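The two complexes that follow have subunit A in common; it is paired with subunit B in the first and with subunit C in the second.
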Partner chain A sequence: MRPLDEKETTAVFEKLFKFVGNNLKNIVENPSHEGPDPNPGRYCFRLHKNKIYYASESLVKRATNVARPNLVSLGTCIGKYTHGGNFHLTVQALNLLAANAKHKVWLKPQSEMSFLYGNHVLKSALGRITENIAPGDGVVVFSMADVPLGFGVAAKSTQDCRKLDPNGIVVLHQADVGEYLRMEDEL
Partner chain B sequence: MGKKQKDKIVLPPDLPPEIPDDEVEVSDEDLQFVNENRGYASLFSTLDTQSITKHVTRVADAKDDALEKLYEKRLRKNALKKEKEETGIQVDRVDALPIKSLDGQLYYRTAAKAESQNGPSEEETGEDGNDDKGLVKLTKAEKRAKLKKLRKEGKKQGKEVPKEEVEQTPQSAVLAEVKEDLTTEEAFESKKSKLAELGNALLTDPESNIKFLKDMVQICRDNDPTIVKLGLLSLLAVFKDIIPGYRIRLPTEKELEMKVSKTVRKMRYYESTLLSSYKAYLQRLMYLEKKPLFQLVAVRCICTLLDAHPHFNFKENLLDATIRNISSTNEAIRKLCCSTVKSLFTNEGKHGGESTVEAVRLIADLVKANNCQLHPDSIEVFLSLSFDEDLGKPEKNDEDQKFKNKKNKKRKNMEGLNQLPDNDRKRSRLESNSKTKEEVEAEYKAASFTLDVAERRQMQSETLSAVFETYFRILKHTMHSIATRPEVNTGALSATVEPHPLFAPCLKGLGKFSHLIDLDFMGDLMNHLKVLASGGSNSGNSSEKCPKVLTVTERLQCCIVAFKVMRNNLDALNVDLQDFFVHLYNLIMEYRPGRDQGEVLAEALKIMLCEDKQHDMQKTAAFIKRLATLSLCYGSAESMAALVTVKHLLQKNVKCRNLLENDTGGGSVSGTIPKYLPYSMDPNLSGALASVLWELNLLSKHYHPSISTMAAGISSMNVAQNQVILSKTSPTQALKEMSLDQELTSPQHNGTIKLNNKKRRTNDPAVSPSPSSTSVASSSFDEDELRKKLGSHFMLLRDIRENGRLRKQLDKTTLSLQLYEQYKKQKQRSKPKKKAIA
Partner chain C sequence: MAPAIATKKKVSKKQSNAKPPKKAMKKNSKVLTPKHDSSASESESEEEILQQQQLEHKDELLGDSDVDLGSESELSSDGEGDDPLVDDFLQGTDDEAEEKGSASNSGSDLGEDSDDDDIEKKSRIIDEKRKKEEEDAEAEMQLNIKEESDEFRLPTQEELEEENLRPPDLSNLQRRIKEIVRVLSNFKALKQEGSTRKDYVEQLKKDICSYYGYNEFLIGALVEMFPAVELMELIEAFEKPRPICLRTNTLKTRRRDLADVLINRGVNLDPLSKWSKVGLVVYDSQVPIGATPEYMAGFYMLQSASSFLPVMALAPQEKERVVDMAAAPGGKTTYVAALMKNTGIVFANEMKVPRLKSLTANLHRMGVSNTIVCNYDGRELPKVLGVNAVDRVLLDAPCSGTGVISKDESVKTSKSLEDMQKCAHLQKELILAAIDMVDANSKSGGYIVYSTCSIMVAENEAVIDYALKRRDVKLVPCGLDFGRPGFIRFREQRFHPSLEKTRRFYPHVHNMDGFFVAKLKKMSSRKPGEKQSEPSEKVEEESKLEKEESEEEKPSNEVRENGKESSESQSKKTKKRKFPSKPVNGVKENGKETSESGPIKRQKRKYPSKQEISNAREEKRRAMRENKKKGPKKQSQK
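Showing the complex of A and B:
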């Protein structure tokens, strides 16, 4: 377990910024209430075995007591480094993203399952969409009851969505909560 | 007018100028006369000059009563004049700036006043007040009669004056003056009567008397401004009546050469004369419109003509002049122009829509030329534009036609098939038949005024594009002024705030025509609105220090417009306008009851929070919390609107009722933010679900009864789970009702009755769908009963207090009795002791 170096930090922050925009400040400066300390600490990012973790400072302090090979996980895993050296957000980051999301898409109830099986979001599935999404922005996908289901990358801007035919792809799938079942071993 | 003249006659002329005695010239005849008849002259020795002068200042031969009446009349008239001057449109104060003397008195230039007062005001009101031909005639006839009378009396006066002249020769100068006056007045009158006669003749038989128009136009070139004004107005009346319902096309030379019948020639002469004099008249009007003295009259003529005959020749010039004056600084002129343009827009049938396009384009150019610095009225006229919705969907029509054509073709084909064996002659006849039919149709189209659908659609799209061009220009201009402001501020603190007077009507118009905006513009429009709604605060930290350029009301309106635009163009896609919610969230905080308009806030609440279908839980909770907090410090009307919104939101979002529970923290729903952050800028990050709506408890003790019941109702919402019925009252309604209430609730129980009604209405509208009349009756009944009850209650209260007082008295007396008794006992005890001692 070690703090991120500069390159890794920019990679992680750029990825997060796509989803949360200026709320990134919130993620970093969020006071933590874990542990017995009377004054709240902050959250920080740690790299451990190719995975990036988001954990409170008090937790990190305690985790140092565990030997590196023995430490399985700490805090919330938000993403991992692939073999190619790219950073990917994983579905565990969903809570963090959903709370601070800038661009959101709400799915109609009948098309929720389709998304949870790993498919892209089509125009016909859109229940609601936030205004001025640009293609390439990170989008968090919600059910109509405001339950976060996953996230992805916008394929079309909000304006284009109006003219899109019902089978056009609006959001490219990246992660969804169905992965907890489908890819239990990998996570 | 005539009355004034009469007054002049009876009232004395001004005293003669003081001439020293030695300068007085005595004619030889007089001398001789006096020498011959010394006896007569004896009266001169006893002559009391003082009394004579006194007498002259009054009036020689008139009864005192009548005189007094006259003076009274004159006084009244003067007062009236003064009033007119104050309220009136006529006097050009600019022309007659008062002079202030050293002792502080104001002297007005009386000449100018007299000039503008002398007659025309009455005349004008008479003229344009009665547009009817008959009435105009009547006034003219009256005028003439009065003129005659006037002359007679003038002569009489002429006779009267010499009587005194015999005695006092210096009055000859006065006489000359009076005569001069009379001649100018006579000239004036004669001109006037000539105008009247000409106009009359024209109105009675325009065909034969058309040549008089030229004379009338000639009169308008007079030097006397009053006559010019009268001429303009009477010409207006004439033209208004005789202008035909079609455009006049002057015959070409070729046509002139052709031989025509007598009637046609007469007609041509009539039309050409009419047109040429109309042109001359308009030229005169355009010339006079630039002169401040005649501006109002000229503009009135132009507006009336345009309003009455928007189809006639030279309408472009009229329109041009009207639009030029539309943002005039003169209120009366501006109102005139605006109302004319509005009537142009609303009565499109008169001119087939061409003038609308032209007017809108002219206004757009005007806005462009003046860099958006105009009076708001000039843009507000757009609001009276109306666009035909059906024209926007031309496909259906076309399809129908296509279908018909197909049918026709089919039938034709069928016929063709059937008639193939027939000979060629028949076919040729058929063809010729169809040809003639087409020709007839084309002619009919040309003859009838109804425009082609395609043409009308094109015109409408042109109008729309001009309107939106104007609107977008204003938006951009406002944006620009906001964007440049911070930079200017860093340079100089006292930077001039560039006003944006057109912004409010622009937003109004955008809201109204939002359904007609092209989708392609929408993105840009939304971006613009977003920046405007944020008040330019997102351009950096520097701008946060400087005061916001746009007011809260304007920014709220931006949000409202954005929502309207989105909602009206929303076909299948449900777009969440998150940024605007953020702005609204912050604007609620900045709202000040006295400064900003409560209606706008209520409308924003209604459109953005009540009518939108779904919301995030966090966001809703944040809004509920903020509205509840701020309704503590709003006025009662605004807080009622806020509470209605809160209730609405709570009814829709069951999860948000956690706020009504009595424990902080919010449990599992509170999300990642464990504590409520009241100053958070983003409703999604405020963590409102972790808080408790303690404000409702305070509000239930609000001084206004309906608010307190409303608050109590909301806080008990969680207990009464089965309450599913959504209340129908919107925040705007609530606000309106409350602001009415505030005016009405001088007696206290009045409010309580209202509260009862409201309670019934909001809580179970299904149970009591009683019509308003019965509710009114019941309320009046309630009032009586209530009064009785209150009376009995107060009686009881008073009884209780009386009772208490009596009891207290009783206690006192018993106490004093007891004391007395004790005292007696002590006395008795001490007596035996004394005795014992003794």
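Showing the complex of A and C:
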């Protein structure tokens, strides 16, 4: 487990910025409530076995007791590095993203299951959509009951969505909670 | 006339009842014929003869128990009765007719008198007949009853062998099991003579093994723990699955809201019980309960009701340090984190690598962020995390799984005594490690909860008893009052009386999987083992001194025995001197005995140790003097 170096930090922050925008500040500087210490430290990012973890400092301090081959997870995993060196956010980051998301999309009840199977979001599935989405922005997908279902990348801007035919793709799927059941091994 | 008819009718009835009446009548005839010989009135005797002969003749003619013939005889006899004169002429045989004629000529008065006598005899005969009928009926009844209870007798060796050859007859087995349980419940009254309780129990075990598919070891263990009727209830309960339960994730939602959402989806559920505020039990569901969007979003966790119990007993507070030593798949760990509201820190440890994935996945799904997951053998954890470092420990120990047979039928056949012993050994090591990790001086904690999903005493009470002896801990109430208290004694074992604060749960009583929960509080970090080292050192000192003495006395012992044994044997000698009441058989045997009883005796000997110290000093002085004497001798020998 080690802190992130420059390159890695920029990669992570870029990805996060797509989803949360200026709320990134929130993420980084949030006083944490974890840890048994009376003074909550802040959150920090650590890299361990190609995965990035977001945990409070007290947790990190205590995790140093655990040897490298034996440490499995720490706080919340938010993403991982692929073989090629690219950073991808995983579904475990959903809680963090959903709390701070800038762009949101709400799905109709009938179309929830389709998204949870890993399909892209079609226009016909859209219930609500926040304004001012640009193509390529990170979007967090919710159900009508405000339950976060996953996230993805916007394919079209909000304006274009209105003109789109019902089978057009609005949000490109990146991660969804169905992966906990479908792809437990790959998380 | 009427009496005659009556008697004749009775006669016919008698005839319809075959042999006994015949015998009776023959007897009567035999009885009467001497009378007949000696009788005064010819007419009477003749009448009697006639009538008896008639009866006899009729018996011969008619044979046994023919109603038609009986009715014919009735008619004929009626005819005779009505008009004796007429019928006499109409009668068939000459002899009879002559006799009857002569008899009838004598007059009806005399006939009536003889009829009366005959009537009495006949009524006697009839009464005897009836009595015999009743006796026969009773005898048959008795026979029937005996047959039924004899039907339940233990099968003999031959019958068993026959059964083994044939394919198993399930209904027969089932019937026999029920019968044996019935007999065992009222043994004195219902047992078969010559067979002991043990025979019945052995047969019951075999039948249950073949009917339900258990192996002998497991059935033997269960039979030792439960009376026969409860045993059957338990086994039947193991055949059926327990209801599916789920636990609301209080980090994300409330039970009421979750119940509403699930009911909308078409799930039929209810709150679990009054002892849980987060549990829900699912009766049936139109959608797969493990694949709803709410499940995937981490609103609830599928968990058996028994898994709630150790965490409820642990009751972790906010901002505490908690360790879960065998965490996968994470149901209890997530519950702990939810109770702590994501504050504090949880170490979730799991030894097996394949199970780690599900553990981490569940933690992330449920939104738990205060957990560190590590992959160690639980026994190494105190070295990693430090001794006296955490506030609470939850140890849901790996066990034989005899309480969850309803989930996993292979346990019925795969567990043996070695498995139990291995499990128990591992559990004892783990519980000591757990106790070592806890900080006894923690402000809010200092608790260890030990739980297993097994009902075997060797894995539950025996392990806790071991922990009580080896560490400075005590049992406290778990807070789960609806369970059954644990065993304080079991067969030849005797446990510490505070073990009644532990709790056992059974499927047939609580409708949960078989479970055991115990809550310990650590009083201090002292180990009774450490205390032992002081007196043992003293003993060794003394024994070393005594060695020199004994060298003179018994040089052979020194050669045979190694350090410890000799020291113990000599310590036994010192005990001999101070406590002459203790019987001593042989030095070697005692040496071995002391090695086992040593720790206990040493603890007791703490107090007299001062005396031993003074004695030791005296012996030291003696030894010194002898050494001085020896010294010059040895030098001369060399």
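Here is the rule we use: the second predicted complex is superposed on the first by the 187 of 187 C-alpha atoms of A that agree within 3 Å, B and C clash if a C-alpha of one lies under 4 Å from a C-alpha of the other, contacts with A are read in each partner's own complex, and residues count from 1 in each chain.
Convention: a contact is a pair of C-beta atoms (placed from the backbone, for glycine too) under 8 Å apart; a residue touches a chain by one contact, two chains touch by 3 or more.
Every value quoted in this text rests on a predicted model; they were computed, and no experiment measured them.
Undergrad: Between subunit B (first) and subunit C (second), which does A:W106 come into contact with in this model arrangement: first, second, both, or neither?
TA: A:W106 contacts subunit B only, not subunit C.
Undergrad: Examine A:N95 and indicate which partner it touches, taking first as subunit B and second as subunit C; both and neither are also allowed.
TA: Both partners, subunit B and subunit C.
Undergrad: In the superposed arrangement, which partner chain does A:R62 touch: subunit B (first), subunit C (second), both, or neither?
TA: Only subunit C; A:R62 stays clear of subunit B.
Undergrad: What is the contact status of A:L74 with respect to subunit B (first) and subunit C (second): first, second, both, or neither?
TA: second
Undergrad: In the superposed arrangement, which partner chain does A:Y180 touch: subunit B (first), subunit C (second), both, or neither?
TA: second
Undergrad: On the superposed three-chain arrangement, identify whether subunit B or subunit C touches more subunit A residues.
TA: Per-residue touch count on subunit A favours C.
Undergrad: Is A:T158 touching the first partner subunit B, the second partner subunit C, both, or neither of them?
TA: first
Undergrad: Taking the superposition on A as described, I'd like to know which of subunit B and subunit C A:K25 touches: first, second, both or neither.
TA: Neither subunit B nor subunit C is touched by A:K25.
Undergrad: Starting from the residues of subunit A touching subunit B, keep only those that also touch subunit C in the other complex, and list them.
TA: Touching subunit B and subunit C on subunit A: residues 33, 95.
Undergrad: Show me the residue ranges of subunit A that touch subunit C in the complex, using the header's touch definition.
TA: 33-36, 38, 55-56, 58-59, 62-63, 65-67, 69-77, 91-92, 95, 112-113, 116, 143, 145, 147-149, 177-178, 180-181, 184-185, 187
Undergrad: So in the complex, the part of subunit C that touches subunit A is made up of which residues?
TA: Touch list, subunit C to subunit A: 261, 290-291, 293-294, 296-299, 319-321, 342-345, 347, 356-361, 363-365, 367, 369-376, 384-386, 391.
Undergrad: In the complex formed with subunit A, which residues of subunit B make contact?
TA: That would be residues 519, 522-523, 526-527, 566, 571-579, 614, 616-617, 671-674, 682, 684-685 of subunit B.
Undergrad: Taking the touch rule as given, give the residues of subunit A at its contact with subunit B in the complex, in rising order.
TA: So the residues of subunit A in touch with subunit B come to 23, 26, 30, 33, 95-96, 99-100, 102, 104, 106, 126-132, 144, 146, 158-159, 161-163.
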